[in-house]
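Order of writing sets the chain letters: A, B, C, D, E and F. Residues in each chain are counted from 1.
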Amino acid sequence: MPIVTIQQSPRSIELKRELVEKITNAFTEVYQLPPEAIQIFFAETSHENWAKGGVLASDRE
Amino acid sequence: MPIVTIQQSPRSIELKRELVEKITNAFTEVYQLPPEAIQIFFAETSHENWAKGGVLASDRE
Amino acid sequence: MPIVTIQQSPRSIELKRELVEKITNAFTEVYQLPPEAIQIFFAETSHENWAKGGVLASDRE
Amino acid sequence: MPIVTIQQSPRSIELKRELVEKITNAFTEVYQLPPEAIQIFFAETSHENWAKGGVLASDRE
Amino acid sequence: MPIVTIQQSPRSIELKRELVEKITNAFTEVYQLPPEAIQIFFAETSHENWAKGGVLASDRE
Amino acid sequence: MPIVTIQQSPRSIELKRELVEKITNAFTEVYQLPPEAIQIFFAETSHENWAKGGVLASDRE
């Protein structure tokens, strides 16, 4: 632990690379954990599979 | 909040469009929430990745 | 399937009773599924364990 | 119930077939449940979408 | 990885102790993984927070 | 979106307060998102409900 699952729209590997580094640093600084203890999973969700306010995101585009 | 995650077999966008509307209405009516407060995620799972009774769904077809 | 997981603030059993009925009806109408196929899980989250905009909900009260 | 969600790297259907049988047997033996009560979902995650120690798995290959 | 999340009714620590051993063995045998690679989380759900067929489990008791 | 769910051992509100701020900042910097777009859920798990290497964490204490 901790296991972090992020539900989000698809994004580039560059952005994800940068994000996981910052999130892992946040855990190591605040919880004083070794970086290897932290695992991060991206559950990427297309806009056909995500809705807000009763409307699919793909229908808002 | 509320965040709704639905694990299900893949379905058409028409069905998902209709479903998210009805589910969002259920929340707004019962919880008296604004529709924008409700997010719905479909975690679509192929039949090779879902098992019931110890058997993959794809092996039951 | 479908398995529905709802992350939300704690609410009364009366509200949850009403909500699960409406959500299940949405699935049976739209997906033409028998009600028994639908399972709903409430993952109730206290305001100390939920943050939006970088602030714990309990700190906004 | 029980609903089992497994976040893992992609694997062959043969391995998943064998795994779901063993996991379902574990539940039926220990919890004395009928096999049909147990559902298993594989949430397969590519190495671009999984990080450990602040590094994407795809960057460790 | 793999990370296993089990949504279930509350059960005794003895049963959970036995179950996690059997599930971990299933992974090590089938996936040829070291046991330490497998993490299991119980997301225990009370019967007021779980519904099937549109009815809360606590209302079926 | 993004919705972040963190499975972890129970921790103090002070640590969680600090962590959610840092994680939200990571998203706003890297994804150029407004802070209000990010929601974080702690799924706190007691050591009786988490196992690694086939052993409950509470049995390792």
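Throughout what follows, contacts are C-beta pairs under 8 Å (C-beta built on N, C-alpha and C of every residue); 3 or more make two chains touch, one makes a residue touch a chain.
Chain by chain, the UniProt names read as follows: A, B, C, D, E, F = 4-oxalocrotonate tautomerase DmpI.
Everything numeric in this text was worked out from a predicted model, so none of it was measured.
Over half of the residue-numbered contact pairs at D-E are shared with one candidate from A-E, A-B or B-C, namely B-C.
Look at where the CA atoms of subunit A average out and do the same for subunit F: the two points lie 12 Å apart.
Averaged C-alpha coordinates give centres for subunit A and subunit D that are 20 Å from one another.
Inter-chain centre distance (subunit C to subunit D, centres taken as mean C-alpha positions): 24 Å. In subunit D, 1, 3, 5, 7, 23, 25, 39, 41, 43, 45, 50 are the positions where the chain touches two or more neighbouring chains simultaneously.
The touch graph of the protein chains shown belongs to none of the named shapes. Pairwise chain contacts in this structure: A-B, A-D, A-E, A-F, B-C, B-D, B-F, C-D, C-E, C-F, D-E, E-F. By the touch criterion stated above, subunit D contacts subunit C in their complex at residues 1, 3, 39, 41. Touching subunit B in their complex are the following residues of subunit D: 3, 5, 13, 16-17, 20-21, 23-25, 34-36, 38-44. By the touch criterion given at the top, residues 7, 43, 45, 48-56, 58-59 of subunit E touch subunit C in their complex. Residue ranges of subunit D in contact with subunit E, taken from their complex: 1-9, 11, 15, 18-19, 22-23, 25-27, 29-31, 45, 50.
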